[in-house]
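Each of the two complexes below includes subunit A, the first together with subunit B, the second together with subunit C.
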Partner chain A sequence: MKRERPQSFNTVPMKERMIIPRQDMPEQDAGLRSTNFLEVNLGLTPEQAIVEAQRCIECKSPTCMDGCPVNIKIPDFIQLICKEDFVGAAQKIKEDNSLPAICGRVCPQETQCEEICVMGKRFEPVAIGRLERFVADYAMQHGNGSTETFDKPASSGQKVAIVGSGPAGLAVASDLIKEGHEVTVFEALHEFGGVLVYGIPEFRLPKSILREEVATLEDMGVKFVKNFIVGRTMTIQELMADEGYDAVFLGLGAGLPRFMNIPGENLNGVYSANEFLTRSNLMRGYEFPEWDTPLYRAKHAIIVGGGNTAMDAVRTAKRLGADEASIVYRRSEEEMPARNEEIHHAKEEGIKFMNLVNPIEFISDDQGSVVAAKCLRMELGEPDESGRRRPVPMEGSEFVMDVDMVVIAVGNGSNPLISQTTPEIETNKWGNIVADEDGRTSMEGVFAGGDIVSGGATVILAMGAGRKSAVAINEYLKAKVGS
Partner chain B sequence: MSLKDQISSMDMDDIVEMCINQEQQAIDLYTLARDQAKDDASRQKFQELVDMETVHKVSLSNFEIENYIELPPADLKVTDYLMEPELKDNMTTQEIIILAAKREDKTARMYQDLADHFNFDKKLNTFFQMMADEELRHKHDLETEYENEFLQEG
Partner chain C sequence: MYKIIKAEFIAPNVKSFILEAPHIAKKRQAGQFIILRVHDKGERIPITIADSNTEEGWINIIVQGLGKTSAHLNTLETGDYLQDLVGPLGLPTHIENWGTLVCMSGGVGTAEALPIAAAGKAAGNRVISIIGARNKDLIIAEEQMAEVVDEVRISTDDGSAGRHGLVTDVLQDLIDEGIKPDMIVAIGPLPMMAAVSNQTKEIGIPTMVSLNAIMVDGTGMCGACRATVGGKTVFVCVDGPEFDGHQVDFKELGSRQKMYKKQEEESHKCFLERQMKKMKAEQMKEEVVS
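For the complex of A and B:
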């Protein structure tokens, strides 16, 4: 669909825009930050943001929006930055994305909007993510904009329960409250945000940002209930039949840690990434002894995996005081699914990378604590279906290394609680809820989206799924009234 | 009498029948596990294994040695170092795949051993090589699935 180009406020001549260098985001010194949990990236200054926005060449057919799972009006908000209307730019983003300060920090823009930015074909792409983060932070500091421009609609008289307060659930809540429905978010943990709060460390996503976003939704009228486990405290059927909810959205995420099934994974000192990061992030282990969550200070911590979770865990282990913290990954760096920025930051912080290495056993002392890892060296074989070369074990390459902490970060699965307590909801062989592209499940009035449907993915993809479901839920509720 | 001695005294039809029985045993085992599984996810995975073994059983009934083209799949060894789970009613899909891949591996080794043993008999050698390759193909498919789902390394 052809869309109208936004009014231009960019005063820089077109040719000059292309020679403006992409603006680097200031960040904490690597040596200093590897000893604290303060945010690594410090954000663009207003001057830098304007210069970066002026790099946009205002394409006649901009592609950047197509790369965004929630179709943020990127050209529009960039022009508002050129106009120095930063709060207006944040409001423009919030029309499509209720969590810009979060997405500006954790979205993999390099594989989404920035990857297809036309400027990026010959030069570096416009730093859309950094600009999003800048205006979102600016708006928070200078009057958020969301609630001020939010006119509460007339009540529809209909109630929606949202299970899980992660990115999918928050996106649904944001969209449905604007439609006049009574929206309640149920969270199993004692803080809201799902994976954003238990999974992503403070140094990458400060919790204060998340609390601000949740507070904004509360101001808009969304109710939040914590320590409420749907499936245990109350079932979905009870929520609908006894509590009068007209529709339910399931955004439970993929919070069930997976292990490798090798000997020794049950030893003391071997954690799942979920447990390790939850202890540090949600339970504030990084603030011990002010907070009562002990976390072991390792001599040598190894983190098995190569994704963003592995990077978060290894950098957390280092900050907690590990003498040495290493990534152990069975493929080569080229195949690592983690963002380049996270790998780069980890290296700067002194993280050791042991690529093409795979643990096959963890060895204990007589107290049942891990003291060593037996590993195999791998080599890259034939490409698999995705084109990535497969790692295969090298014969006779076994070796043992001393380790006193292991974190397994090979992925997560779906929590089986809902499928066990609600057999009406169809699941697939991986335990994920089966839903159509608008999130409808096999149970009437129940919708689902995010990682519980797709398996582990990104924050913005979960939000995109949530927004699609919100549209479908709204249609469902309207039809229900009409019938 | 060892299996190799038994085979030496059997004709080709009996050998094929023996292998079909072997496939039927696997079908029976996975059917029982499917029926006893406590959740949908594992029921679906066991059903897939029943289907896979059934296809193999049917293809064995119709096989022709002359048409066999040797194309052994790569042994990915993804599950070789993993612990073998016990068959029980509350297995995860991850455990089911490991269990099945290890069974395929053992059977492939058995057939490979027989193929090597009967290298003097072209017909027997080809037949057992075909069986070994097929079991290895099953292992390959299961390990590919395992790698795609359980080794995302996220």
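For the complex of A and C:
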């Protein structure tokens, strides 16, 4: 699709733009931040943001937008930054992404928009993520969220229930409230945000940012209901038949944490990443006993896994006071699914990486608490079905190390709640909900998107799925009125 | 916020709460539980639903003040509010007409066994209730139980009521009298459920226990509540809370329940100190006024 190029406000001559260095993200000092839960990245200054925006060479056919799962108008918002219209830039993003302050922090831009930025072919790509975060924060701090430009549309008289207040659900809510539907978000936990509140730590995404984004949606008219488990408190059928909801979106997120099925996994001190992070993030276990929920403070913690969740967990363990907090990963760093930035930050904070190591047993004291991990060293063999080289145990490499906490971060299965209570909705052999490209499930009027459909993925992919579903739900509702 | 319609002590340190919860009241079935938070910095704790009323929109829970959160909860009065309340959670009890059903309960477990006993009776079983407690004052829900079952038998550790001994002794009495239970449901403290399961395994009577594991979300997301049943890891919150007692690894569960013993003691101590300060401050205020 051909789109018009935005008006240019970049006064820097083209040749000079290429020699401007990519602006570094100001950070909290590594030694200091590994002892607190305050945000690591401090955000670009306005001066830095303008310089960074001026690095954009305004390609005739920009590729960056294609890399964005929600197709933010990246060239447009960058020009608005050059114009120093930061609020305008934030609003431009909000046309396509209702949670820019969050995505600017947690999106893996290096494998999306920034990966295919034309500048990146010869130089470093424009720091699109940092710019997104900057304008979103600026707009928030200056009381200029999207509500000011939000004209409440005429009511459609139709009701949509959104199940789950994570990234997928929030994206759907934002899009459908703009269409004039009555939108209610149901959340099982006592705070809104799903994985953004229980999974991602304060030092990567402050809760205050999330609360602001939710408050903006509330101002726009979205209703939020907490402590409500669809399937248990009320079934989908009851929502539609008794409560008059015309459509339902299921953004339930990933479900049951996976374990390794090795001896000693149920010992005290062995956590799933979900539990460890939930206790720390949602329940503020790091502020125990001021907050009631207890959490182990380990001397030597190991975190098994190599994804972003593993990085969040290991950096949390360090901040809780561990002398040694280590990643134990069965492949090499090259295969790690975690973002480079997270690995880099972890290393700066003194996290030890034990790559090509796999635990085979956890050993307990006489009280049933973990005191050691028996591990094997691995080497990489032929590529497996994921395309990554398969880790193979090395013979005679067994060793035992002392640990007093283990966090298993090897992914999640699916949540059985909906399939237990709504058999009409088709699920696949992994228990994920079967949905077409636009999120339609096998039950009429019920849509689904995010991790519950795709299996564990990223915040922005869930939002992308949510936005596609929102279009389909809107069409469905319009057709329903017409019929 | 969730209103406490009525709160009253029914035994020393054991309080009964009627909570406003119309949605939960409408949906809950025997064996299911809720999760609550007492205050805005509180932890999430699971408690089995003892009773409910759909028309009046309430549920009933029975709480023994053991740790910080339950002790704090038991300071709340009629008209106070809970911070959070969610449910019903867990799978409902599987009820059928087995023939003779024996419901064995200890401590506050009796309140939790009550709806199961009632459902068992409604399904056509002959239901015998065995209630155990440390002493006479700690027996709860005896009268309500007597209303729904065919027979109630009591045991106390000190002999102050019923048979001097344990619930397992009473079960042995039943069997010696020639009564052949077809199904046992045991609900109470872990050692009691373990002892019952041990006993009934030997004599070959199917036994269902309701496990009380530590939980956080209660919807299967975190895995805090995992237990080993039949050699496999289960999540008590979504796979239970009820399991075949003969298959449960009680030793592991017992140790998992004590995972935060040290922190719980610390938290409880902080709470008691705060309560003392509050009381002293109130006393001083009274003295100033008078």
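Annotations
The definition used in the following text is that the second predicted complex is superposed on the first by the 479 of 483 C-alpha atoms of A that agree within 3 Å, B and C clash if a C-alpha of one lies under 4 Å from a C-alpha of the other, contacts with A are read in each partner's own complex, and residues count from 1 in each chain.
Definition applied: a contact is a pair of C-beta atoms (placed from the backbone, for glycine too) under 8 Å apart; a residue touches a chain by one contact, two chains touch by 3 or more.
Being a predicted model, the structure only gives us computed values, none of them experimental.
On the superposed subunit A, the two partners subunit B and subunit C both fit, without a clash. By the touch criterion defined above, A:352 reaches neither subunit B nor subunit C.
Look at A:416: by the touch rule set out above, it reaches both subunit B and subunit C.
Look at A:189: by the touch rule set out above, it reaches subunit C but stays clear of subunit B.
In the superposition on chain A, contact of A:275 is made with subunit C only, not with subunit B.
Of the two partner chains placed around the shared chain by superposition, subunit C is the only one that A:232 touches, whereas subunit B remains out of contact. Of the two partner chains placed by superposition, only subunit B is touched by A:308; subunit C is not. In the superposed model, A:5 lies in contact with neither subunit B nor subunit C. Once the two complexes are laid over each other on the shared chain, residue contacts for A:329 go to subunit B alone; subunit C is not touched. The overlay of the two complexes leaves subunit B and subunit C separated by a minimum Cα distance of 6 Å. Put simply, subunit A uses residues 261, 416, 420 to touch subunit B in one complex and subunit C in the other. The residues of subunit B lying in touch with subunit A in their complex are 39-42, 44-45, 48, 74, 76-77, 80-83, 85, 92-95, 98, 144, 147, 149-154. Listed in rising order, the residues of subunit A touching subunit B in the complex are 258, 260-263, 305-310, 329-331, 336-337, 358, 360-361, 376, 381-382, 384-385, 390, 392-393, 409-413, 416, 419-420, 423, 426-431, 455-456. The residues of subunit C lying in touch with subunit A in their complex are 23-24, 27, 37, 41-44, 68-69, 83-89, 91, 216-217, 219-224, 226-228, 233, 235, 238, 251-252, 255-256, 258-260, 263-264, 266-267, 270. By the touch criterion given at the top, residues 188-190, 198, 226-229, 232-234, 253, 255-257, 259, 261, 265-266, 268-269, 271-272, 274-275, 278-279, 282-284, 287-294, 367-369, 415-417, 420 of subunit A touch subunit C in their complex.
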